[in-house]
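Structures incoming, each one as structure tokens.
One chain, chain A, appears in both complexes that follow, with chain B as partner in the first and chain C in the second.
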Partner chain A sequence: MHETIQAVILGLLTGGVYALMASGQTLIFGVLKVVNLAQGALVILAAYLSSSLFDAFGIDPFLTVLLVAPAMFLLGTAVQWCLLRPLHRSDAPQLSLLVTFAVALGIEGVLTLVYKSDYRSIQPGYVNRSWTVAGYQVGEVRLAACLLSLATLGALALLLGRTRFGRAVRATVQNPTAARLLGVESGRVAALGFGLGAATAAAAGAVYGMVYSFNPGSHYDLISRLLSIVVLGGLGSLGGTVIAALAMGVVSALVGALVSPVWSDFSFFVVLLAVLLVRPGGLFGARLRGAL
Partner chain B sequence: MRTAAAIAALSALLAVFPFLATAPWVMTIALFTLMYAALASAWNLVGGYAGYPSLGHAAFFGLGAYTEALWFNHHGIGAGLTPFAVLPLVGLAVAAAGLPVAWIAMRTRADVFAIVTITLLFVAQTLAYNLRGITHGAQGVAMPVPDFAPATFERPFYYAMLALLVLALLLSHAVLRSRLGLALLAIRADEDKARGVGVPVGTAKLGAFALSVGITGMAGGVWAYYLSFIYPQFAVDPLVTVAMVLMVFLGGRGTLWGPVLGAFIVAPAQQYLAYQYGASQLYLLGYAALLVLVMLVLPRGVLPTLGDRYRSRQRRARTLRADVGTGVSADTGGDIAADVAGEQP
Partner chain C sequence: MSNRSNGTRGGRGGTADGGRLRAVAAALAAAGLALAGCSSSPAHPVSASSDARPPLTIGISLSLTGDFSDSGKSAQRGYQLWARTVNAAGGVLGRKVVLDVVDDTSSPTQVVTNYQNLITKNHVDLVFGPFSSLLTVPASQVAKRYGYAFLEPAGGGPAVFSQHLHNLFFVQPAPVVQQGDVFADYILSLPSSQRPTTAAYPALDDPFASPIAAEVRSRLQAAGIRTVYQQIYPAEATDLSPVVSAMAAKKPDLVVAGTQSADAYALVKAMVQLKWAPKLLYLSNGANDPLNFPKNVGAGEVDGVFSSGDWFPTATTSGNTAFVAAYTAAYGGTGASIDSTSAEAYSCGQLVQEVAAKMGKVDNATLISTLHSGSWPTLEGNLSWNDDGAANASYVLVQWIGGKLLPVFPADRAQTAPVLGKLPWSG
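On to the complex of A and B.
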């Protein structure tokens, strides 16, 4: 019993981090209707950048987010503007999917050249400290990561719900044509939306680098998890994504604790197949459009 | 008819090749080129004709490789040609394993299909590492080294790959001429409408997928026997998937010869560079850059683009001739009809 509850706590904390990563994915899908296969690679890239900043200048990994996020934002905007926007309209959905795949491979290639393929992780002094609450271990980094995720998600929700830009994004998500007719510059919204999605990867990357060890090839692992979460949450629903991320975090932690850590990776794939079998639209995917 | 003749001519040409070039390194490059041509043609059945981009074909390549390797793991030295004889069974087994996944993955749209297949790739790799009782994990599986004469060691493998390429081409050709081909093209154009007018979309997609992964698995089997030792990271390698996608898009997806052309361009270049410089970290960058370039500049691929050029030039020449002959502008109607006929794959 103790073990189970400990696994649930761990799962919820991990799920918070997944929620952050997957929300960027969901945002990009909502705005562009493109499954961004590069999201995992963006997270790993951000993890490397944070790791380098920490190693070279001793900047606290949580603070590196402030430096890495703008860079990732620019990168995301550039990817959309230079690679996705010029694609031929009639084939755009299939081609953009493959272009994001190519971007993922390109990032992996660059990281392999620069950092080699050894595993590394970000190790600030407090990385292994934990509090004991009523007999249960709560890792400080994981808790801080979860809080950071929640803060970022909150900021994202405010941005989407309260600002002019957010309204333009939501309009584009609901009906791109109508939004354009009403004067939303859909091209710019798409670029900024992609940039915003990439910027969330910055926060996720710093956290990921502290909790897990990673190498340039880790993005395959990560992207399969993120995609499973996004499908479970119903493509394009931000709330659904967060709930799905927490659920998957708990499920995989439980499988890891009670069965074997090896099989916890498979829980994602099994859940993905089960969802597609039972509810192809995902848990909250009844409304594919306009769910942001 | 012309297509069948062209396939026969190409295979005759390729069958003679080992007698012209005997250097082992040339044969190795040729063998891998044929393998990638067969793989790309197989991918094209699903990714090209039906428009469902699979990112997980490397999983089926690896499955075929492991099936073949495990089958002969316990045999003594020199299993000779027997491992080639069981390839059809390997293909069937891989196709059978692929069907349930495809059945679930293809219920929804192409996005979700790509998601499931890329996840499958990762799952297959993890399985290859962790099912140690079967796959021996990271230690890999050994196959008996065949007792072929060293001077012509590559030849049997070369012909096996050639046979797979011809099989893939003949199957694609037959599919295109059948109701299945029509169904696949209808699915790519508009799946909902196709279903609406009674096209059996589910069966068509599954059929194409089974053929595709069957060939992919057989190629994996030959590959495993050639290397005679397989490791998880090479048997289930994302680069194999990327290579297939790149070759098909470069040559022209949804055409019979496009994937072959793409493979004949990319595979020798990649193998040659690997021999000369051995910089495998650069593969990824090269593949990624080339893929983006193709998507942006030649989204339809080399063959269809060249075909269009050729046809429009012919039409212009004919218009000129007609102008000179009669003094009035030409019969544009007939030309358009000819173009429409020419568009048919």
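On to the complex of A and C.
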């Protein structure tokens, strides 16, 4: 029983990390209907930037988010404005896959040239610390990641629900044509939305870099998980993304600990397929799609 | 170290490291080739005495771009350093060494074309091997076809030796799957009162990781050390906390993990965070990297961890002190920053020099027949080979002691005795 509960705790904490990473992905899909294959690479890029700031200046990785997020926002906005906006509307969903994959490869190439392909991780003094609660171990950084994830998602919810920009985003998501007729500059909203999604990678990158070792190629494994989470949650649903990430974490950890790590990742995909058979739109896709 | 001999993608045993870069790397391939061309013969000093005789041309295909480019460039540095060193001393039998290096883009198809061209068009005198088992297997077949000796630094997988090639010489102490044998030897050398009674064997699903753990397990089980946990985890598993949690529940005295790099780091980090430590911990790879292991798990968490490898900067093997000094003078850094692949490549050159000095001639038939008898000192230790090209020596057991990675076993290559103490996070 102890092993099972510990696995659930580990899974929830891991799920929190992934929820943070997937939130940007789902936001971008929600706004642009673009499956952003570069989101994993953006997370890894942010991890490298955070690592460099920590190594060079000793800035705490959580604080580096304040510096890295604006840079990622600008990068994301530039990618959308320069590479995605010119795509012809009818072909955009398909071509954007290629464009964002190219962006991912470009980021990976630059990171390899600059940092080489050795693994690294961000090692502040507290990175391996954990609390013992009733005999169970709770990693401090992972718990902080969960809290950061909730805070980020809360901030996004506020931004989308309580601001003029948020209303413009939601209007664009629900009906782009009607939004334009009502004066919403959908092009600008799209660029800012993509930038915002990229900015969430800053927080995700800092956390990922502390929890896992990474190298420029780490985004391949990451993107497959992020896409699975977003699909399970319901494309474009922030709440669904969180629940899907937690589900992925718990299912994988339980199977990894109690059955075999060989089936750990596969088990999540079994859950994904089972849910999609029953609800093709994902857990919250039908109800919440368009509402973010 | 054997992870760098990986015929799959490196690091996490072939997940994605460095990997799938071909699209980006293709744009750089031309530049890489140009650099390779520039970096061969003209850069090497030529002694006056060596000008009178024709140069000794050695053809090498290396992964200067693509998945194995980091390791390929490390091999290139080793080869070049040897050529520069030997030319400064008058060459091999008075012949200036000229390296003809071409890029195979980490492709097993291109590597065949390259060796074919090197031998039939460029008419090189000798060839040295590429990086990885994946490329060594097809390349060694080309060398065999034309009767060339094939001294290769980084193809240590079973597929290399199952070819039964008499012209092939793997310039590392032993096949990769035997990397953990030295740890089993050490455990079995302990008095029964100090020997662990139970063991766990987590291993990465990788041909250069899980067979190492399996080999150690079979020996320790036969000696009565009970296996309480044995699992293989996939290369995609970034979070190994569930594995460690399940392993901890079995309370093994000893953990022998077949690892590459990232999973080795993940295992240690998970153990630290779960506040669980076995009495003894051996990681086949990852922990044998003097630079990156402490960087990834924390410098305070390394002491006591065992690993093994073929070469270390503090080794007392033939020419090693001079090699480390020459390398750091040429490329900067410290001994700890030298990739063992450079030492492996350099050792290929040492063998050519030694055969030439002993036999008074250097050609392929002489190399093949001469290297198959006797024992040959290199940076990798004293090497001799079986008929399949596998060296008959042993890896070196190393342990982190006082924040340093030190050879501890076998006694003739140890710098200090192993320390049987608690791991730092065991409380």
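The working rule: the second predicted complex is superposed on the first by the 272 of 292 C-alpha atoms of A that agree within 3 Å, B and C clash if a C-alpha of one lies under 4 Å from a C-alpha of the other, contacts with A are read in each partner's own complex, and residues count from 1 in each chain.
Definition applied: a residue touches a chain if its C-beta (ideal position, glycine included) is under 8 Å from a C-beta of that chain, and two chains touch if they have at least 3 such contacts.
As the structure is a computational prediction, the values presented were derived from the model and not from experiment.
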- request: Check whether A:Gln137 is in contact with chain B, with chain C, with both or with neither, and answer first, second, both or neither.
  value: second
- request: Tell me which partner A:Leu97 touches in the superposition: chain B (first), chain C (second), both or neither.
  value: first
Message: One more residue to check, A:Leu87. First (chain B), second (chain C), both or neither?
response: first
Query: With the two structures laid over each other on chain A, which partner does A:Leu37 touch: chain B (first), chain C (second), both, or neither?
result: first
Message: So in the superposed three-chain picture, is A:Tyr220 touching just chain B, just chain C, both, or none of them (first/second/both/neither)?
response: both
Task: For A:Thr112, select first, second, both or neither according to whether it touches chain B, chain C, the two together, or no partner.
output: both
Which superposed partner A:Asp265 touches (first chain B, second chain C, both, neither): both
Task: Across the two complexes, find the residues of chain A that touch chain B and also touch chain C.
output: 102, 105-106, 108-109, 112, 220-221, 262, 265
Field: Residues of chain A touching chain C in the complex
entry: 2-3, 6-7, 10-11, 14, 102, 105-106, 108-109, 112, 116-121, 123, 127-130, 132, 137, 139, 211-213, 215-221, 252-258, 260-262, 264-265
Message: Going by the contact rule set out above, which residues of chain C touch chain A in the complex?
response: 10-11, 15-21, 23-25, 69-70, 202, 205, 231-234, 236-243, 245-246, 249, 261-262, 265-266, 269, 272-275, 292, 295-298, 301, 425
Query: Once bound in the complex, which stretches of chain A touch chain B?
result: 35, 37, 83, 86-88, 91, 93-95, 97-99, 101-103, 105-106, 108-110, 112-113, 220-221, 223-224, 227-228, 230-231, 235, 262, 265-266, 268-269, 272-273, 276-277, 280
- request: Name, in rising order, each residue of chain B that touches chain A in their complex.
  value: 51, 53, 55, 101, 104-105, 107-108, 110-112, 114-116, 118-123, 125-126, 130, 238, 242, 245, 249, 281-285, 287-289, 291-292, 295-296, 299
